[in-house]
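Both complexes shown next keep chain A, but they swap its partner, so chain B is in the first and chain C is in the second.
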Partner chain A sequence: MKKTENAMSNLAYIKNLFAKDETFTFREFCCKNDPTIEFCIVFIEGMTDKTFIHDQIIKPVTEAELNDASDINQLLNVLSKEIISAANVHQNEKLEGIIQNLLSGSSALFVKEFNKAIIINTADWEKRSISEPESEKTVTGPREGFVEDINTNIMLLRRKLKTSKLKLRFREIGTETKTRVCICFIDNIADKKIIEEVNKRIKKIEIDGILDSEYLQELIKDTPLTPFKTTGFTERPDVVVGKLLEGRVAIICDGTPVAITIPFTFVEYFNVNEDYYSNFYYATLNRVIRWIGFFLASSVPAIYVALITFHQEMLPTQLLLSISASRQNVPFPTLVEAILMLFVFELLRETSVRIPTVIGQTISIVGALVIGQAAVEAKLVSAPMIIVAAITGITSFVTPKMQGELILTRLVFLFAASFVGLYGYLFGVIGMFIHLASLRSFGIPYMLNIGTLRPADAKDVMLRVPWQKMRSRPKLVAQHNKNRITNDKETGDKVE
Partner chain B sequence: MIKLNKNKAFMLIVILIFSSIIFTGCWNYREVEQLAIAAGVAVDKNADGTVHITIEVVNIGGGTEVTYEPKYVESDGDTFFEAARKAITKDGRRIYWSHAKVVVISEALAREDILKYLDFLFRDAEAREDTWLLISREKTAGAILRGKGMLNPIVSFQLDDTMRSQESISVFPFIEMFEFFDRIFYKQVSPILPTVHLVEQYSEKTPHVGGTAIFKGEKLVGFLDEADTESMLWLRDEIKGGVTVIKNVSGTKDNVTLEIFKSKSKITPVIQEGVLKMKVEIDVNVNIGEITGSTDFISSPGKQKLIKAAEGQIEKEINNVYTMVRDKYNADVFGFGRRVEMKMPDVWNQIKNDWDKFFADLEIEAKVNVNIIGSATTSMPLKVGE
Partner chain C sequence: MWLKLNTEKISDIQGIKLMILFIFGSTLVMGTGAEAERDMWLSIVAAILLAIPLLLVYSRILSLFPGKDLFEILELNFGKFFGKLTSLLFIWFSFHLGALVIRNFGEFISTVALPETPKIVPMIIFTLLCIWGAKAGIETLAKCSEYFLIFAISLILLFGLLVIPNMDIDNIMPIMGNGFRKAMAGVFSAITFPFGETVVFMLIFSSLRDKKSSFRVFIPALLLGGLVVVYISLRNIMVLGPSTIKAVYFPSYSAISRVNIGNFLQRMEIAVTVVFILSGFIKVTVCLLGATKGMARVLGFDDYRILVMPIGLLMVNLSYIVYKDILEMFDWAFKVWPYYALPFQVILPVMIWIFIELKQRAKNKPKKELTAADVNAD
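What follows is the complex of A and B.
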């Protein structure tokens, strides 16, 4: 490999390397003035702007009055400084670098068989336009979402954060995909230790390619095997900017509209950007609803099974009678029934995600009619169990980022409850809390300091206090620059 | 500190967790439709001394239209528990006691010894201590449960509803099972229980709660009717509501029904000239609920007349019932002994062993204060226009 590299010129080597790739275009031309100076421009069709290459490179170069071709280095300088009118031009003689640039859409201009080339950024390809992310819709607030292109995404961030303190550190991950990854943070707000830790973990990654930020999320996780997320993810630039302002670090990954925010604590599952865009009473109510939703989605089947099969004395008599009535002649034990219904629900959910939208309606009809009505009438399942499954299903969508976690906790609770009733359910809950409290996200306790909860820490957890009162950043995340409102409470003067 | 190696420590933790799961009292997976839910039970005594129980089980009819019907499981046994277990052989399913609302006890059994038969209810894990104990005034207790419920087909549930609305009727005492047992163990106070009998309504026999059964210790000694029960409740400071009818107010032919809103009976033992006496001061707020005539009781003088009549009538009734209970049964159903103990512990210590004797001569001094706080209407009583 090394030998051939030396024997051949870079141009010849590239020609050889991509001989069977017809998208590689080698356009040879020469200068009008002096036809002995031969040029060859290399670019990939489809990733480059051909009009731009013609108008700004080929045309000026052919028409330029070049006559001294003895010193090619000199010639290249003249070309890149005076003749080529492109914004992003540099010279490179390393074969690896040239190929890398070509593959990311740049054009390389070679002079004769000289190894050094002028690299001109001519990248231009079809991009998805900026639209509202499907997975994180809001009623109020900005509607733009990230796209797959990293430059556009960074542009979206910059537009919201016009400060020199916004730092962007680029890394390349993936031996084959060479995906560009950008670590963003605000210089004097983000904790240096966290930035260092992020850098360290990203450096350690050895993988052939990453296609989505989920790859990264898993690769840099503190506890790889926990079902709970210790890194946040979002498709919205406003969310990322909000987290940056709180002192968090964001990672944007090329090729995916999903950005990662670090560190991520458990309460962030329940915070939605819209909380900050609507009245704080309403936002607080919504947050409480989300917490209740989490409780219901994880516990309703377990509590139902525990009450029905162990603690019948805890139910009001009328309720016991009506549940007993609907359970008459149902062939399965309550536990089997519960698992069956939860499974059917997950089945419907997964199917409706995978199914083409055109035939999507079939699912709802089959789901509603067959499962909902026919199964009850045929006495295969009891009606209360359908209600339990429905409540569980609906409430689990209140915290959409928690789907997988919920399914798992729900099952664990359900089995625990079916063995020893509420006693077992409580064992499950205690176990979950112990697990959550033992987690850390980049050194930050996952449950924050839940044991020593003070009012100041609670103002952005279950509550969303008015902005005037939200004077400090999350204490554990931004440890060195806590104040977000820097004027004095009474006088309004700026204080340091 | 004992040093354990890792494996041993792990095993120890596993054993601890498992034993804490396995050795807990109540873990028992049972499907809800397999339970025969007992709504109530009636306890009778057979001629040979064995116990006969009638369990009212809720029978759930399936299908699209769900129906609840009473089903009766009868069983005999030497003891209540044995009879209850034998019921399984009749029904196939185990009787589930936690939702039983009432226990109806026959008069004969109560007269013999109520504790002898009810220990099970006090001891069993499933039976609740807030179950209602009722004394049947019919021949058998089973007949009460076999009566016909009016709104609720399950008689026991209807009885439960009745007991819970006691405070707006006050014709029977509101005593839960644990309270009754608590009193039975306290020698000097006579426990009471509500009684139940059947009345004919729309040619069906419906159970009706009203009146009081008086116990002396664990034995039933007698009954009070509904009117006397109300008077007794005044003396127990247990009137929470209800109505009282003042008849022929101050010589007119009009009856006035007073609705009781709030009542407070202040009962204090006093020693006057060396004799123990109970001073009863009753403050009662009433509303004029109904006037069956056109006499004016709203104006100031009319109101005074009404108050006087009401006070007089209540005082008289109280005195009558008190004397009757004291002389006939010598049972301190009013809880006076306890009040003496609380207010005058020294005196109580001297007399508690002879409390029955003291009670036989105990006088009360009742004083009733009636406050009419409203007439429920802004106009005069209804009458034909002039």
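What follows is the complex of A and C.
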């Protein structure tokens, strides 16, 4: 932007710049007392509260008893200190700053052609009301979800975390969208190294616009090409606060209800906030079910294909007989059958996600017919394969955050198994372990140290221990402040 | 990335787990100490006891130069030329051992499960996996071994329980019934396969945490891993009996195939395969790592990773041409291997150790104030 001091005043420049934008309102008025003092207030319609502008700015200014217009700086001070009754007022003479503020909903009050303006925060626009997030429902526990407005989201966090240690740092990302991004963490608990690393990676981002936190997640990932997530995401403030208390860092991004939590480890796929809101026996059982669900969703097709094509002898005779009876007239090899069924299932899933709810029923009826009885009767697929596809489909929703990863692992396992049977499947599993063990999320090993089976590392993985026993934070995440109850002098703040 | 190359560290426990899986390697399916027949487990116990001093020698060599692998130690003590020459011997041993394990795996698969698939196919897939593992580095490998060991041990325990009804204590009685000499006939082969093979770890254990680590890794791993090997051989002989065990190629596989619980839980041999694949993967990857790290040092490369792929592929080539068939494999493994492995596992390490000790002593004598730590520092 060009310096305009001599050529044009800021006001004239702004008028010129936004000449084609009719939402820009330039309201000119003057003081009753002394009509020579002319004011111009600039704001964007739709992003500002017009009643507020009228009642708190225009009205008091016109009615004020101003008479000395010789020193405009002085006049501006009087205006912002005595006359304008708004909560958030400051003065700015930089053109870029003024434009930026205007674009985010503030009003700028100019006096004559003077360059300095009073910036009054008048932002007010329609927001979605706080509701329970569709993607993360719970039976018990808080039902609030984030909304698209960053201030509301921060308010939701603040309300749960009334501590001075909660730190919020704002950054702007995107050359065009100038999206506000807030890095939240609890001082003393969050690892400084992780915070530094987050700052560093956010600083490096070069992009024109950020519309969702997924943009950010991909841009700050440790290993950009892995299908697994190394940053967590959630729409629930209670989850974010839980993670902050564990020593993680959260990033809230304006314009999206999805917050990012860092670092993210593999076990977090299987931990749901509701685990902590229900009885620990029940929660543990649920966790085990989720792990089994993961196993089934990734492996059932592969194991089925391997058993049917390579290791028939491993099946009990009765079962083998009934399976081969139902496979008798099916023209496709088991692998093709499996791929077909899985493809149809994914197709149905993808369709039903985007479809308007009114037509939704049609899909479910047609889908049930196509991948159900009709396909079996037409001898296109065998009945056991339908069961396999159904088990896979259902179980993959047990860990809803893992959809994409599951489809990929399932396919890899399936192909590996179709080459060399269960051995191939095992190779796939070993490969997955190598990959997962080599991943890191912001320096934290992705698989933590679960393999050691020491209680400090493994207690919050498959088990959800009672809160009395949950006195320490995850060992690797909050390395320097492991103890949740800081009054406990015995183990508090020990550095290993 | 925070992780710098060549600065990977593993904890002692991870080292132990890695080595236990290495010892399981092909031993659990191929069996060892078969010469002693019904007293093979006694042979193995004796072999473990005799292997302790051997592994103490390995640990001592490593602990004198903490943070260095055998190749660096050799170059430091024998000079560039002789150091590299000796390094090449160990590289060959590691390379060859890896190839043999790949071949064991190939033969195993084609014998028990996929007779019509060319054995090169599973072998290549298996090797590619090992190449991936070696590229991921020893730290990742050590982490994987933690999980694999949990699987392996729980499967061994589970099927140890399930096979109890098929056991017959008479199969091992009378203990030493054929005389002491016969009972100890398997000692030699049991030392060289698998316990002496841990010499390969000298090639990669520059990643241990401190000076004493090598002792804390080698000896517990030998004892714990050895215990399982003893248990497996006891189980096999009690289930199969001495005459059958001689007749089958893969005794563990045959033993577990006898499991039959209520006509439903049967044909569970895949469990043996799981243990074999998990531990075999670790064994081959460790060998591959040893060979590539050595080769990188000999050729003067900073990073061993670019060598993993070519050496891994050479390994699978060697493994394919090394034997004509499974008969030759077993013949070689039990008759030639002990003599072939002896120089690499015993003679060379002991010579190196004596040489290093003498050198250290000579270095320490003139200046008494110098402590061992100071010597290590330079």
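Details
By our rule, the second predicted complex is superposed on the first by the 478 of 496 C-alpha atoms of A that agree within 3 Å, B and C clash if a C-alpha of one lies under 4 Å from a C-alpha of the other, contacts with A are read in each partner's own complex, and residues count from 1 in each chain.
Note that contacts are C-beta pairs under 8 Å (C-beta built on N, C-alpha and C of every residue); 3 or more make two chains touch, one makes a residue touch a chain.
The shown structure was predicted, so the numbers you read here are calculated from the model rather than taken from an experiment.
Upon superposition of the two complexes on chain A, a steric clash is found between chain B and chain C. By the document's definition of touching, of the two partners only chain C reaches A:Met447; chain B does not. Of the two partner chains placed by the overlay, chain B and chain C both lie in contact with A:Gly424. Within the superposed three-chain model, A:Ile202 lies out of touch with both chain B and chain C [touch as defined at top].
Of the two partner chains, chain B is the only one touched by A:Val330; chain C is not.
With both structures placed on the common chain, the touch criterion links A:Phe310 to chain B and to chain C.
The clashing stretch of chain C relative to chain B, chosen from 78-86, 312-320 or 348-356, is 312-320 in the chain A superposition.
The contact surfaces that chain B and chain C form on chain A in the two complexes overlap at residues 310, 313, 419-421, 423-424, 427. Chain C contributes residues 1-3, 13, 109, 113-114, 117, 121-122, 125-126, 129, 132-133, 136-137, 140-141, 143-144, 146-150, 263-264, 266-268, 270, 273-274, 277-278, 281 to its touches with chain A in the complex. Listing the residues of chain A that touch chain C in their complex gives 222, 310-311, 313-314, 316, 416, 419-424, 426-427, 430-431, 433-434, 437-438, 440, 443, 445, 447, 450-453.
Those residues of chain B lying in contact with chain A across their complex are 21, 24, 26-33, 35, 37, 58, 60-62, 64, 66, 68, 96, 98-99, 101, 126, 128, 157. Considering their complex, residues 308-310, 312-313, 317, 320-330, 333-334, 377, 418-421, 423-424, 427 of chain A touch chain B.
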